[in-house]
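I've put the structures underneath this note.
In what comes next, chain A is part of two complexes: it sits with chain B in the first one and with chain C in the second one.
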Partner chain A sequence: MTKIIFISSDGNETAVEAADGDNVMRAALANDVDGIVAECGGSMMCATCHCYVDEAWTDAVGARADGEEDMLESAACEVRPTSRLSCQIRIRPELDGLIIHLPESQT
Partner chain B sequence: MSYGVVIIGTGQGGFQLAASLRQEGYQSPITMVGDEDCLPYQRPPLSKAYLKDGRLDAIQLRPASFYERNSIDIVVPERVTVINRASRTVETLTGRTLPYEHLVLATGARSFIPPIPGLEAAKVHSLKTTADANDLRDALTTSRKIIVIGGGFIGLEFAAVAISLGHQVTVVEAASRLMARVVSEPMSETFRVFHEQMGSELVLGASVVEVAVGHDGLARGVRLSDGRSIEGDMILVAAGVRPNTELAAAAGLQVANGIVVNSSLMTADPSISALGDCAAFPCPSSGGMIRLESVQAATDHARTIARRIVGKSVTYDALPWFWSDQGTLKLQIAGLGQAADEDVAVVRPEGRQLVFRFKMGQLLSVETINAAGEHMAARQLLRHPSGVSLDALEARDFDIVGLAKALKEPG
Partner chain C sequence: MNMIEGHMTFEPSADIPVWDVDPYAEDVLIDPAPYYAELRARGPLVYIPKWSVLASGRYEETRDIFSDHSRFVSSRGVGLNDFKYGEPWRPPSIILEVDPPDHTKTRKVMARALSPKAIAGLKEEFRRTAEMIIEQLIERESFEAIADLAEAFPVAVFPKAVGMVDSDRRRLVDYGAMVFNALGPDNKFRRDAMAMAPDIVPWITGACTRDRLTKGGLGALIYAAADDGEVTEAEAAMLVRSFLSAGVDTTVTGIGSALWCLASNPGEYEKLKADASLARPCFEEVLRFTSPVHTFARTANQDTEVAGLRVAEGTKILCALASANLDPQKWGDPEIFRVDRKPVGHMAFGAGIHGCVGQNLARLELEAVLTVLAETVERVEFAGEAVWRPNNAIHALDRMPLRFIAR
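Moving on, here comes the complex of A and B:
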């Protein structure tokens, strides 16, 4: 299991233990973390699982997937260099302690 | 105290309505009633990931704690049998009476089983619920010769998965091309070539007139309208769906290819709304009554109804969009193209394909394969108040992303 820390737009912190191989969007939903909507269920058909990867973690998390950038353009909140679709971040042991900031809204 | 909202149906639309109501600050009770014995889940993965891995936790929309935390009462498995409009109550199969202030019909659709001799008698599969998908997965543990009746999204998504698992697949489609109801001819053709290359056999323009059933009750094959017979030991019926409208009709609400609602998703009874697959609503662009089977319609309808219930003024004007993952092809559709009188197919590098659909020179819909950027640009452009012309796209050599950017920039 890998620890992921979600920080909401108002500063609320939730730490969850997630299974390697799952994605960050799924970890948020499974642990009832508010702030991820994930309307398309991870098909990269929407931008309602938008998140900001903490700057200390951007290198470890890696680059955006093919097509992800295009979908991010329709995100409800500001898109920053650290923006990702959380459904495209696969959880692996190197990401233990990963900090994910959540935007104010997704729709 | 208000009796709150009762939602009939625990699909994605029902779930979204409950979630959106709480998000909008709605404080009265919310009760969801559904006949499947589980929490709301997503259906699109049933013909894809879930068919392979069977992970219910991976398709559940939210865990149980979400509903507790948000005071959303989920009553499952339970079936509403009667809507009493005069007393504003619903009655259930187990004898419950639930009062409501607002009732939302999110009853969805069910698989259509065509009236084909033998079909009722044989053990055949359909695909609408996790139970259906589990049955299919079990059946696929031994090598099969599968006949898929229907060449639409579900049938073809299933065919792609089954072929990749090493089974033999024949898809029988009564229309002359695949997905004829929802995509353009060039797109149908691309998918025909793709599925044939993957190894599926496609039979187009012929319908199944009889299913042969063995003594064991299992299907042995089908006879086609062109006289041919196809052998098989497993049949998936994927011939579309029918909206679940019986409760509404019995309650005296108007039904015409779905439960009829107005542009704020309200039936003629102001305390009853309908959403998603079961609702016939006025198309925001053409004004005609339409019914859509999509996650987008279900969730956008739900958000609209939630806003109306909390007292905001609403008109439903969302742009329809759809997707289908078949093997390595990701089909995305923005807008409704059925009324098109002209299609322009464009091929781009890296396997990206686009079909622009026009009516009288105005863009109606864009279909794309493996081209998320173009799809998103299309969704943006199709919402543009003055529309997009064939001329404007031609002038840019159909660079829709460039056109979307140009229209976005001020001035």
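Moving on, here comes the complex of A and C:
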């Protein structure tokens, strides 16, 4: 299991244990973390699982997926260089302790 | 090598239960719930000798198979025919019946054209059209909900959104039904559908060309990708064809099923009326509860395992999406329709890289219809018996007399 820390827009912190091979969006939903809607369920067809990867973690997380950039344009909140769709971040042991910041809203 | 329905027959691993059932029999297609319940009860995978396929009906395994596009491919067809061993009835779809990396390219073009932001401008027009249609239906003593609303609405808004110069309600609706019936075995539903092909297919092909599409529509966005060199001109035409295969009959079914759910559950309709912002979650629950696309297949592209059971290369697996959406292990009380359930992770739009590319448009259409309904209609009542129409991949109503009582 790999530890992921979600920080809401008002600073609330939730740490969850997620299975390797799963993705950050599903880890948030499985643990009732508020702030991720995931309307499309992980098919990269909406932008309601938008998140900001903590700057210390951007290299480890890696680049956006092919097509992710287009879909991020539909995000409700500001898109920053650290913006990702959390359904596209696959959980693996190197991401243990990953910090994910959540936007104020998804819709 | 023995073939059946265009794929190789095989002997299943000894620990996979064998069930002598026909998932494509008329009575099963009309009322599939008992088949789904038994499919889930018998095991994560079941061997069906009649068509020499495996079937998956539990949520976890169905989701795993559908999400794993490298082991369970789409390029060998998402119906019973294995394209490795024979030509399909039409050139394969370059988005549905294809794997990465080719899929990545076409998917990106379609996803961009159909993103929430790209289609947001259609919202007002969808709402106005819903108001106009529903207002007229309220005036009537009763009406035929499938023809007069479920078909009338998408046929009024969708071809226009695509930018089609030619629009033909019957052919548009029937083309979708035909494509989905073609995913099943050579039974009477498939044969009846195929008999329509000589009339419908040339019309569809003609309607997808660049000169039959207006400049501001979704179709033009696809041709713009051809101008940018992302896809070829021929590929653009194929992608516009995908709009028409998957974008009409499916939403017709979604609207019909939504009305059926609300007429059958007046208490839930009261909740929607009290808070019209439940329109979107209500549609998600309609999708989970009724699964317009009930079954798609995948083909194992290698010797592999599912839930510890051996699956040989070339095996067709029927993924009963509708059954996964009714799995009590996942949903607790799946037989209850609740407009505020918010069933994130339902399988009605599929999952993973092949998840429905038009889902945002479907949501926008249903949001318009359900919002206007909640705002203007006091009660939705049956005015006769609802009758389901058997189709090898779609679970749809054939006719449903309804009455709208004005608010």
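Methods note: the second predicted complex is superposed on the first by the 107 of 107 C-alpha atoms of A that agree within 3 Å, B and C clash if a C-alpha of one lies under 4 Å from a C-alpha of the other, contacts with A are read in each partner's own complex, and residues count from 1 in each chain.
By our rule, a contact is a pair of C-beta atoms (placed from the backbone, for glycine too) under 8 Å apart; a residue touches a chain by one contact, two chains touch by 3 or more.
Predicted model only: the values in this text are computed from it and were never measured.
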item	value
Touching partner for A:Leu29 - first (chain B), second (chain C), both, neither	both
Contacts of A:Leu98 with chain B and chain C, given as first, second, both or neither	neither
Touching partner for A:Cys40 - first (chain B), second (chain C), both, neither	both
First (chain B), second (chain C), both or neither touched by A:Gly67	both
Footprint overlap on chain A, where chain B in one structure and chain C in the other make contact	29, 39-41, 43-45, 66-67, 70-71, 73-74
For the chain A and chain B complex, residues of the former touching the latter	22, 26, 29-32, 39-41, 43-45, 66-71, 73-74, 107
Contact footprint of chain C on chain A as seen in their complex	29, 37-47, 66-67, 70-71, 73-74
Touch list for chain C against partner chain A, complex	67, 104, 107-108, 111-112, 114-118, 344-346, 349-357, 359-360, 363
Contact footprint of chain A on chain B as seen in their complex	42, 44-45, 57-63, 65-66, 69, 295, 299, 303, 321, 323, 325, 332, 370, 372-373, 375-377, 379-380
